[in-house]
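You will see subunit A twice below: alongside subunit B first, and alongside subunit C after that.
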Partner chain A sequence: MSVLSTIDEPAVITSAVSTPRPAFTLLRTILYRFASALFVLWGTVTITFLVLTTLPGDRATILLNITSGQAIERTPEELAPINALYGFDRPVLEQYVHYVLGLLRGDLGLSYELQRPVLSIIAEQIAPTFTLAVSALVLAWAFTVPWTLLTAGRGRRIGSVGSATETIMAGLPQYWVGILLLIVFAVQFRWFPVIGGTGFAGTVLPTITLAIPLAGFLGQSIRSEFDRTMHEPFVLSARARGMSRAGVRARHVLRHALIPGITLSGWAIGHLLSGTVLVETVFARPGLGSVLVNAVSNKDFALVSGILILNSFLYVVINLIVDMIYLTVDPRLRSAT
Partner chain B sequence: MTVTVTNPANSIDHRKSRWRHWVLHVPVAVWLSVFIALFFIIAAAAPAALATHSPFDTDLLSALTPPTSDHWLGTDDIGRDLYSRIVWGTRESLLIGLGAMAVALSGALVLGFSAALGPKWIAEPINRILEILLAFPTLLLALLFVALLGPSASSLLISVGIGTAPGYARLIRAQALKVKGSGYVEAAWALGHTRTSVFLQHIAPNAFRPLVALVALGIGQSVVWASGLSFLGLGVAPPSPEWGALLESGKANITVAWWLEIFPGIAIVLVALSFTQIGQYIQDRLEGQTQ
Partner chain C sequence: MTNHIFRRTTASLATATMLCVCGFAATTASAADEQRIEGGTITYVHEQEPPCLWGGWVQQAYLSRQVFDYLVSYDKGAIRPWLATEWSESQDRKTITFHLRKDVTFTDGDRFDADAVVANYPAWEGGIGWHGFTYMKGFTKVDDYTVKLHLSEPNPEIYNILANGHYGFQSPKSIASNSKEQKCLTPVGTGPWKVEKWARGSGISFVRNDSYNWAPPNAAHNGPSYAERLEWRFVPDATTRWGALTSGEANVAYQPPSVQWKAAQQEFQTLSFVATGRPQGLSFNVAKGPFTDQRLRQAFVYATDRKRIVDAVFKGAVPFEGNGALSKTTPLYHNVDGDYPYDVTKANALLDEAGWTGRDADNYRTKDGKTLEARLPFNQAIIDSEGAIALQVIQDQVKAVGIKVKLIPLTQTEGFAGAYSKPDDKEISFGYWVWPSPNILDIVYNDTLNGHPNGNNTSFFSNAEVEDQILDAQREPDPKARTEKFAKLQQWFDDQAVAIGVYNFTYNVAVANNLKGLWQDQGNGLLNFNDAYFVKE
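Entry: the complex of A and B
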């Protein structure tokens, strides 16, 4: 299952029937993208809410059991204050409206386990996760660009070595890569601490772990575009003008080939959080991922849904930005039919 | 039919040479994958035939032994034989992968086909729902359901199935759309075939065929996801020799017993790579046929 197949190509809008003025079309395109981003965000919030409210288990009982560390049936007298505080006894529709209005004010609710606002828990924990995700993305790009330049469009044998490397990198389970790196570089060579913390030494191995599959996916998409672009007429014409082979590859072909890589990066940032869930557990590193694992095993639904909604918010916003970059870079998309 | 009756020898000969041709043209990597997959399938069906020890017998005197001729892959902290535990864990790991794929596929088939082939009032909303579901990363969607259902083998199967379904639905939808718009379907419409016959004779077989490859790819991926969740402590719990659970229980001894983490991981990687390779090969063959 290649991740590539789940990525949106920059959507082509089929709106211009009578080709109105370009500026108007651009505005319509932007508004359309904005509306569909909002729609996806609303959808993820609604699905998360519905899943959490309609599935079995009395939430007040769960909450009381989490905080007291027990697993027993509760009397109505015990549940009443919880229901009053969290509004679990209200009609579902009323809870939903309350929840969405809260989200609009930036209120993600109270954590069941810690009895504190979800937003402040996330704010405390997001920094190490963010550092990890961004440095993994940077590292993946730093590996992929020279690797593609070196191995793509140079005949079948080199190309197949290159793409086999990418397939393996993309296919390795992240948690196992992390364990391997931990055993080799932390346990055997003692170059890095086994339990890293969030300093530089503790960030190196998690970053590499997260970057390896990402570099594999990036490489796959950039390579196929690179190979395709090598056959474009402008490559031949640049060569005819006397440009060197390496120059054409680096200046013309690579620039075209990077476009799908940019799309993929937008998608990847939205998905890096799910990678950090595993990586933070392997390296016993604090962050949003380990908070999420804890919340899931404690059934702290408020915290789980808060993190999920934050993730889809990031996903939607970043993809919107990527879309806007495309509209700026590639005029063909502005009024494409 | 007549040929086989009048001249059977000739036909067998022909069939034999085709068989040989086929064998020789399958790449080595695919053969290797088939053997690896067979090993694990046998391990799942009859673990006692492959295991050298009992997976649960403890032997504190030989605890944490590195790989030896007696314990091929070493032993864990209470002296259980790791090789035998991996073999005995195969059934649960593969069954969870298979079950998750079945859950994912049934959801994806309904969503994918109705989004591609349904009337507009069905297709449009389903397309929107798919768009929303695809905004959830696989692991996070699976975690949401693990949180609700609690950690167990069956909730693992359902959660991984739900988590991976949107991606497959998207692939199935794309495939069905491609078939729906193809020349032969258009021709069938033009020839005046009924809706049912076009669907049953033309659209369904061509849209379903790539699913064989998808299933092979998907089982490998599901095994990886499910073991990942067990590794997080949110799936099958440690006394079980499920591969993710093996990884989780070995974590405490990572500084002294590397084999406890390396070998279960190799089993997961081998299953994922071999099933993916086989699926990819089937897909390439099928694509070659349709062209």
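Entry: the complex of A and C
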């Protein structure tokens, strides 16, 4: 396209030649995204299926033992009716095809342990998990940005205090933080309910528990980028133009430094959606985390798979959103498209 | 291995005295100066959330008891009427005729009668994994309000089993037409509470059954529950449960952390129930490996200071149990707590005598170049973290006499999938089995079950003569002779050190001081919230 362009009328040429192109590119990008999302989902289903069918432990035995509370070997006579009922006796490939066909019809299957449709279990558990994940992320950011502005790029001593704080926060075990917050703020001071459920008051302590280590990770990744950017020539030129030091830090340097933090957030929210089991245990909160852990230990394939499909779907969506945010934060990327 | 799960009732006068020792009682009912408050919501925080409200797991019996009623009730050693007003046994004691109450209705309006009893039997058979061990064969209807229960063996403890929380009645209409999901989450019974909503991961809301008027005679009152609602919350973490109670958010807390048990006894009311069946104990592999030698089994037991270990780990929340065959609350229990005192010299002497005189580089005993090693797998869904600590102390103590114990923690998946359950896989098993009857011996020491190796036999014991004696004791019609026969068997298993007790599986709760009247069923520790009421403080 640049062959046709002349120095005299660059605007005209660019628009004339490439007007259909961006639309086409966008469509192609969307199609590509969609196809890769489908591929990711298919991969998730397949790997989950393979892992759960090949892991040691016979599903019918687990089902029988868990409903009777025994941990023993079962006889073929005991297992046969269970296997027939849930189709465990059919060839693995047939079970797989059956499941995937169901998925295509929008049927996530039935949890054989809970005797309920997977979809209704997820629908019931997603809200508390999602609220918790999003609020933890928001809180982590709310801490990280001012903290970075306050301590990064201000010389070695302040920097190491900031960095050490983040390292400690990132390293604190969730379970320990949770129990401590619970004992101090719920049991001793009675500021928050101990078994608060999913209301606002009950969400505060779990949110803080999750946000502390997350803020540590976020801070670490933003800080190194912040320190690096402080040495960029544009910082000096902005200062030379008369911009205040704080202005440069907040308007220009921070913008650069946010990029790795945003990338990390995409990962973090996906992680928070399934990795909240410890917090759920301590604060007796419902949510996908403990449902997933339970389902895995009982090899409840349909339920595990349903949650993982949802998770990978959310990952895909979140990554799309993250890409959008990149565009807002980094104008260089906008001109590239 | 084994099961943490079944719970049952305890019958028999022999245990009545024991029950008192183990803390029978309700949270002292009605002192005259306290004023009862009508209505209110009781919040109970429990640990495990089972998949369905009803089934063969003891965790499910805790819940079913709120929603269902039972044919008979167990009252400190005596069997009392409940949905059955009277009953009689046939000459061969294999058929029991029950006469039913005529005024009982299910919460969906269905009538409780002989047809309802008969309709529930297939659900029991299909829903309770260990149903076969009860020797029940089925019900037949005699008339509208009379049924006959048929047994394959005489079973004097059948009443305890029927009262245990698992064998409740669902409305025939709901069995026939409700979905699997409804039967799992909101089964329809005749009991004092109805399920309003089960919020998975959070809890179950029960509302009072206002027409309830058929409480068993050992309940403190007949009629609808005093409280209006029962919030049964699932709180897996013991510290959180304790926090919920101390902060006043919960009125009743299940299993407070052992370190808080003394505080719980001082600051709150407490209830405690020792489960029937087998205690948490060590079962030695008597089919294969070094522990086929009785001297080695005995040496292992002499080398462990079981009583002190239990006191140190559980701090009084859980009692020591010496008998590996039956726990203190089980009918026909025989006390052997004094056998095998801690005696390192004796342990060493027995090991020397058995020829394990060599020592390897780590100072473990050897014989013919082989180290004396015992693999001990344990299912973490059955042995909690405090139990695991007890095992570590045992491991440490037997090291002093030169026995190497390899602890193998199993995840719930591995455990329930039957990992490490064969004779080649282990030398020692650890676990318990809640069961209300001495016929637990038949369950855990029978070589085969329906022609296959019996998975419940974790010691891989095989002795046709002893099996015959167990069945003979079970069939013995004279109560006194039966007690003697079972005592002799328990003593024999103890002398042989096939299985040795360590501690009892215990159901402890702490109760807020403004809640009175709560009691634990003395068959299996089920909480009865029907009689519980709030008082002004």
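Keep in mind that, in the parts below, the second predicted complex is superposed on the first by the 241 of 337 C-alpha atoms of A that agree within 3 Å, B and C clash if a C-alpha of one lies under 4 Å from a C-alpha of the other, contacts with A are read in each partner's own complex, and residues count from 1 in each chain.
Note that a contact is a pair of C-beta atoms (placed from the backbone, for glycine too) under 8 Å apart; a residue touches a chain by one contact, two chains touch by 3 or more.
From a predicted model like this one, the values you see are computed outputs, not experimental measurements.
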First, second, both or neither for A:A71, with subunit B first and subunit C second: second
First (subunit B), second (subunit C), both or neither touched by A:L26: neither
Subunit B versus subunit C as contact partner of A:L292, first or second or both or neither: first
Partner chain(s) touched by A:L180 [first = subunit B, second = subunit C, both, neither]: first
A:G171 touches, of subunit B and subunit C: first, second, both or neither? first
Which superposed partner A:T281 touches (first subunit B, second subunit C, both, neither): both
Touching partner for A:L52 - first (subunit B), second (subunit C), both, neither: first
Partner chain in contact with A:R190 - subunit B first, subunit C second, else both or neither: second
Which of subunit B and subunit C A:E124 touches, first, second, both or neither: second
On subunit A, positions contacted by subunit B and by subunit C: 55-57, 179, 182-183, 187, 194, 281, 296-297, 299
Contacting residues of subunit A [partner subunit C, same complex]: 55-58, 61-62, 64-75, 77, 113-117, 121, 124-125, 179, 182-183, 186-187, 190, 193-195, 197-198, 280-287, 290-291, 296-299
Subunit B contact footprint on subunit A (complex, rising order): 1, 5-6, 36, 39-40, 43-44, 47-48, 51-52, 55-57, 168, 171-176, 179-180, 182-183, 187-188, 194, 270-271, 273-275, 277-278, 281, 292-293, 295-297, 299-301, 304-305, 307-308, 311-312, 315-316
Residues on subunit B engaged by subunit A in the complex (per definition of touch): 128-129, 131-140, 143-151, 164, 167, 170-171, 174, 214, 217-218, 221, 224, 227-228, 231-234, 247, 254-255, 258, 261-262, 265, 268-269, 272-273, 276
Of all residues in subunit C, those that touch subunit A in their complex: 1-6, 45, 51-52, 55-58, 127-130, 180-181, 183-185, 199-202, 233-237, 239-240, 243-244, 246-247, 249-250, 379, 381-382, 411-419, 421-422, 431, 449-453, 455-456
